[in-house]
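Note that chain A is present in both complexes that follow, paired respectively with chain B and with chain C.
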Partner chain A sequence: MPHIPYLLILILLPLCGIFFAMCSQDNDKTKGRNVLSVALLSVLANIAFIIAAFLNASSEYGKMQLKETYLWLESPKIMLSFGVDSFSLLLMLGVHLALLIGIWGVRNDYVLQKSRMIFTLLFLSLINGFLAALDIISFFIFFEAMLIPLFMLIGMFGEIKRQAGLFRFMLYNLCGVLLLFAAIMVLYHHNKGALMLNQISDIRMSRTKEIVVWSSIFLAFLSRIPIWPFHSWVSAVSSGIKNPLVFIVANLMPLSGIYSFIRFWPQSMPDTVVFVMAVLEIISVISMLFIALIGLINKDIQYKIFSFMTVYYIFFLLGSFLPTDQILLNVGFSLFAFMIIFAAIEVLVSFQEDEREEKNLSAEGILYKMPRASAVFTFMVFAGLGLPLSAMFINNFVIVSGLLVYNFSTAVVALLALIFVASALLKELFVRRAKVETVSDNLPEDISKLDACFMWMVAIVLLMSLSDPLWFMRG
Partner chain B sequence: MFALTTLKILTAGLAALFFQKNRLTRSWALVLFAGVAAILAYDFGQNDPFEASLWFVHWVKTPVLNLNLGLKTGAEFAPFILGGVAVLLFSLYYNIFYPLERNRLRAGGMYVLIFVLLLFMISAGNIMQLFLSVCLLDILIFVLLPELSAKRLFLSFNLAADVLLFILFSFVWGQENSLYFSALIKFARHSSYPLLAFILWAGAVTLKCGLVLFHNSILELKNISFVRQNFVAAMAVFLVGPLLLFKTYSLMGLVPYSGLVFRIWAAGSLLWALVGSVVSDSLKARILYYYMMLSALMVVLITLDKNEFLQMLLPLIGVGLLISAMMILPLVAAGNEPLVSHTGGFAREMKLSLFCSLAAFVAEAVLLLSFINAQNQWWLAAFALCHFIAFSHFLGQVYFGDVMADERVWAIVTNPSLFYFIPFLIFASMLFTSYEAAPIWFVLSFSMLLFFAWQCPVRRLSQSVLTSSVQEAEPVLTFYKKIFLTPIQLIGRILWITVDFLFVERVMVALLRRMIFILIRMSMFLHQNMRVCGWFFLLFGLSYAALVFFWQKGAF
Partner chain C sequence: MNWFALLPEIFILLTLAVLVLVRLFRDRATPKTFYTLSKYGILAAFVATLVFYDQSFWSGVYENSLHSTLFKVFIYLFAAVTMFLSAKYFLSKDYSSFRFYSLILCSILFLTAGLSAQDIRLCAAVLELGFLLNFYLIRCSGNDDETYPVSINFMIYALIWAVFVLWGVWNLTQIVGSGRFSDIALYYKNNSLSWQLYFYGAFLLLALLYKLGVAPFHFWTADVFGAAILPVGSYLMIVPVFAYYAVFIQLAAEALTVPFELLKPALYAFALISIFIGAIGANGEINLRRIMAYSRIFVLGIVLVLLLVFNQESIFSSFIYLLVSMLALGGVFAAFYALKSKGDYLRRLNELSGLAESKPFIAAVMLIFMVSLLGFPPLLGFLGMISVMNHFVAYQDYVLIVAVMIGIVVLAAAYLRVIKTFYFDMKRSNFDRADTGIYFILLFILLIVLVLVLNPKYFMNDIELALRGIIA
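So, the complex of A and B:
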């Protein structure tokens, strides 16, 4: 059987989609339908390839498979190496499904549909490259390049009112990129060439160099996660984004930070920089609690979703630092469900907010007249709370167990933060479902039957992940 | 057999749920009742219906977790299963003709599905299956409840219980690396944080049982129709809560005073329920307070002797349903008038209902007398006294008190249809034939209740039904709001203002901006055509060269 370069296809297929999207007609007559179809097809085709890649790989965590290497430069010799394990493939699948939901959510928004889809596909291609990168050069390239479509999407479609906030958000991310660039250059220079991610822990450097390099890497990865006290720079942008697809893309960025820590960060840190881990733990718990508390009192639903996501991302980060590799697959399972849930919640909230703005309605009781949206929104919120409707249920249990065993005080704070964000989300659900007698004729319109069908299909995917998101690989 | 029965019931429930019928709803509800009753009667009538049945699936198989889900039970859990059957059939029966019920077939389907989940919970062979079924039960009950405030409070309290269970079981698994019930015994012996584990466990159990401080989870059900209210309350109070306590009984060894804590909590619940059932103006709330009393009694009985509790469970459920069915009669008779303050003097028009209510109480008294022993006598006596006072007030106010009903109600007051008395006949005859007591006790309890109903022993307290401030008061919810929610919100707001706004925006960002401004000014100054600037650049170049030199020599 011929060797199929799955990973290259996963990176190139969205780029092909971009080509077709650019060629497609986008005028008042087509209303962005062509470009939307191209984007949907590209994402669906990629999902099919991811499943095919899964079927050709084993579900074991940590065993890099489907390895591919491509020569980029002859002198200096730079190779781009790709490879995946079940963890990275799972994240890829989760990202694809989240973006699919996001694309579905903006399918009726015709303004500049072509540009939006092109940048989304570009983001998809780059994040695939990032999740499949095996060496530091390709890792850095994709880590940095992901910011381009992100900035373009936020700038063009985010509808951010506070330009200063947007500027700080970009500066915050760019600082991270520069720090990683500096660290990678030192590593490259020290090693006299590129090296694979799993070889980084073997490198021995002088004490000063170690402190500089690892601290830079630490700060670079941290810059992707809305960590205290810089969270407000990210939250100002995230909560201001009106477009669900852009919101989803912007909030997938912390995933790159977590994934970077998991892949790049060595299991056994050099003694000189062990303090970094303690710093990370302290920052993590402060951020979780702080953001959760603000999410609880904030009335803006977008901020609530942002706080929900950030707290969960940090929770997964803490889980991934537990001194056992086996738990990482559970973190992956939980992340998979989490991405789908937050994307679905965001799309549904965006629909409600559009109705609210258009018909000048209050958020209270908006779901009362939208039974379809209400049912599926309730399902997603329940799944987000960690009830047995998705993979988050059992895998969060495993992560919390690990945290309780290895670091009791951190686990307690993390649990408190999780309870706070869950309460905030639940409170919002009840506010929106409240029975309100509407006197005006301006009743909110429910989601269409097609939308409801789509969302219930997403719910079925979540339900199927309850026991094992990789169920299709078993038996 | 057990697994097959469960599957048949599940199919019936799903069919009822998905094949909605807008016409002949009562007939379809009757078909569902008859079908489920026939399946249960036939299958559970076989030899050893609860033994040797095994069905399981691999649920989770990851490197760290390997879990099976199964449907296997034993005769030990028969009282819970039969108790569930009693609650299910009672609800399905009332679902046929209770006037305020809508979507009868859908509601019936939900009752059946919840019952199946109860069987799943009873069959739990590991704590994860137990936890899974508890959570799923909460979700299904949330779907079943038609009113938002009932949904909100029920879910909030039950989710709190789920969170506590989640943390507790995470502890157990983290420490023992096993999710089987045997791990609980080891955990109780060697837990690193026994007090914390006990607080989690006791909190979860009391939340699920709806004991005092957490009774609002079921009390808000007073706003929904009787059948749904009764089903949810009975499920929570008679089955889920006690079953959770029963299955995790090994954790009683966590602390030496665990039994005492449960008993004190139960005593508080009895007292609270007594006051509530005398003071409350709502007939349905009084039924819920009665359930709260029963719940407290069950918790105590389990902590005293769990094997003896099993013998008492089914009769207690029977008598609980019987009393609730009798208490709802005036409401139905008065055209669904739910307030006690709008009744009074019904004895004239509802003699049969009054007689049945008295007989139901006597049946309860007989049951309690049959099970009394040295260990539980004080608790049974306390429960009997509380219920005696509460029920006599109910009878006194509704049947004997001054007529307070308006003309509309008074015009329609009459005994409800005979359908309402069929459960009475079944349960009462079963109780009277199964448990014997000396005739003197029949006469004594009957006449005492009649006398007290006429006299109302705590009359002054019961006059609060006319005080609107008492009726509207929510002391426990206000307590939570003042003690927990407000401080948390205050902390959040303070943090938001001081850190996000003052510290980050006003200090850090302003500092950065000023630093950048200073750097720009410095740079502008250094690029001026002045001699000092030239010296500066010379010094800067030399410093950089020195830095690179020493770096290459390995000085850093």
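So, the complex of A and C:
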């Protein structure tokens, strides 16, 4: 059977989509439908390829498969290597499904649909490259390049009130990226050539060099996660975004930070930098608690979703640091469901907020008059809380148990933060579902049957992932 | 004497003569006429340069080599593109383009002659003449109020430098007894270095930095690029850089090695100042062309610092970085030709609010070129940046790594402001329709920036081969 370069296809297919999107007509007559179809088709085609890639791979964590290598430069000699294990493929699938839900959520927004879809597809292509990167150079290329579509999407469609915040956010991320660049070049030189991600921990340098390099890497990855003390720069942007697709894209960025930590920060890192792990653990739990509390008292639903996501992201980060590789697949399963859930919640909230804004309604009891939206929203919120409706249920239990076994105090604080964000979301759900008698004729319009059907299909995917998201794989 | 080696220069001289004749005897000479003639002249010179790339007109005085040919090729290519775009400008303004095209041809003649010169007298004379000629180029304008003070300032400083350089060259050749690079290098090597000898050599090198616009000699650049008409600005921004850069390398390698070594600490400081002035200066500007002028200072700062190590790898890294940056800057300047409202070429940032709404392609290419200038992957600029960082890390120059990183972040702030104006701000003015030729050129540069990065190894190998001779 001929070798199919699945990973290259996964990177290039969205770029082909961009080409067709640019060529397609986008005027008042088409109302962005052509561009939307191209984007949906590109994402669906990529999902098909991911599933095909799954069927050709084994489900074992850490076993890199479907490897592809390309010589890029001869002086300095740089090879770009790609490969995936079930963990990265699962994240890829999760990202695709989240973006699919996001694209679905903005399908009726015709303004500048072409630009929106082009930057979204560009982001998709780059995040695929990032998740498939095997060596440090290709990893860095995609890690940095993701910032461009993100900045353009937030700036053009995020409806951010204070653009100075967006600039700070970008420059802050750029600082992180440049630190990583310098660290990677030092590692590359030290190794005198191509360096795979799984070889980084074997590199031994002088003590000072090790501290500087690993601290740079640490700060670079931290810049992607809204963690104390820089959380406000990220949160000001991420929680202020009104467009659901852009919100989803912006809030996928912490995933890149967590994934980077998992790939770079293996179980056996140099002894000289063990202190960094302790620092990270401390600021992680502080951030979790802090953001969860703000989410609990903040009235803005976008901030509540943001805090829910951030707390979970940090929870997954703590889980991935546990000294066992076995738990990483559980983190992957949970992340997969989590991405889908937050995307669906964001799209449904965005729909409700649009209705509220258009008809000048209060949030209280808005879902009471929207039975279809109410049912799906309730399902998604319950799934997000970790009830037995998705892969988050079992896998969160495993992560929490792991945390309790290896670091009891961290686990207690993490659990407290999870309870806070769960309370915030539950409170919002009950307020919105409350039975309120309205005398006005200005009633909110429910989501269409098509939308409801789409959302229930998403719910089915979540239910199917309940015991094992990789049920369809051999082995 | 092998006259074939001089054919490119002869073709340019012939074209100049034809231009003058057309000006004198043809009743109706449009801007396009002078462009067409210049185009064929440049094409002929380009072909002759490639064919006679290894032949010498006068051994030891005027020689062609792989190194000089490489830079001449880039000078002709960038000049041809500038000429093409300038024709659009002159057609839309209905100015006479004779002065512009004849001056450009003279400038190219002097620059290419400087590249082949192996005698310091000839080299200094042609480069100084070429630089002084810019005075007339800057004044190619319909608006004398703006360009007159700039051109006078430019002339005063250029003349002062020219006097110093010619005085230095005169004294140096008197002491050495010859003007040939090899004789000068030998003299420096075999004799103890007096302060006079050091200063004569240093003047020549510093004069080249002044012409390049490296800080602290940068003060003329932003004024000139900001005030001169677009064709002049785009020519001066890109084309002469290749010649001065190549001559700097040649002098440092073949004639003034000893003064260059002694000058290194000062050059290191100049490079650092350039990086910071370039990045900070760009943030304080609202004129797009001045922002790009400061970006050029930033780029040249990095190029200079790479040259200080002065071995094959460092020259290669600096050239790659210079080339990809000049491509991106050239792309941005090409896009400026499409930024017109009611017949006027726009240059202020606030005039370009909401550009993406009216001209999505132009806004997109400017975005790509600016991102490439910052060295973001997966664009060609990343190739330059990886070359630079690889070099700094190899020589463990961590101060420079930090300086470049800070510079990039500060420069990025300036570019984010530009991108914000184009994409996030509301449209304020209506833009005129741009010529198809401008789109064609932009697409061409865009393809180079996007495609070359996919498989750069062949392109980089050829350049490495051409540059290898200079240090070997």
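The definition used in the following text is that the second predicted complex is superposed on the first by the 473 of 475 C-alpha atoms of A that agree within 3 Å, B and C clash if a C-alpha of one lies under 4 Å from a C-alpha of the other, contacts with A are read in each partner's own complex, and residues count from 1 in each chain.
Here is the rule we use: contacts are C-beta pairs under 8 Å (C-beta built on N, C-alpha and C of every residue); 3 or more make two chains touch, one makes a residue touch a chain.
Every value quoted in this text rests on a predicted model; they were computed, and no experiment measured them.
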{"item": "First (chain B), second (chain C), both or neither touched by A:Val111", "value": "neither"}
{"item": "Which superposed partner A:Glu74 touches (first chain B, second chain C, both, neither)", "value": "second"}
{"item": "More chain A residues in contact [chain B versus chain C]", "value": "B"}
{"item": "Partner chain in contact with A:Ala278 - chain B first, chain C second, else both or neither", "value": "neither"}
{"item": "Of all residues in chain B, those that touch chain A in their complex", "value": "59-65, 67, 128, 132, 135-136, 138-139, 148, 151-152, 155-156, 159, 162-163, 166-167, 169-171, 173-175, 193, 488-489, 491-493, 495-496, 499-500, 503-505, 508-509, 554, 556"}
{"item": "Touching residues (chain side chain A, partner chain B) in the complex", "value": "61, 168, 206, 208-209, 228-230, 232, 290, 293-294, 296-298, 324, 326-327, 329-330, 333, 382, 385-389, 393-394, 397-398, 400-402, 404-405, 408, 415, 419-420, 422, 426, 430, 433-435, 467-468, 474"}
{"item": "In the complex, chain A residues that touch chain C", "value": "71-76, 78, 115, 137, 140-142, 144-145, 147-148, 151-152, 155-156, 163, 167, 170-171, 174-175, 178-179, 181-182, 185-186, 188-189"}
{"item": "For the chain C and chain A complex, residues of the former touching the latter", "value": "316, 356, 360, 367, 371, 376-378, 382-383, 385-386, 389-390, 392-394, 401, 405, 408-409, 412-413, 416-417, 419-420, 423-424, 455-457, 460-461, 464"}
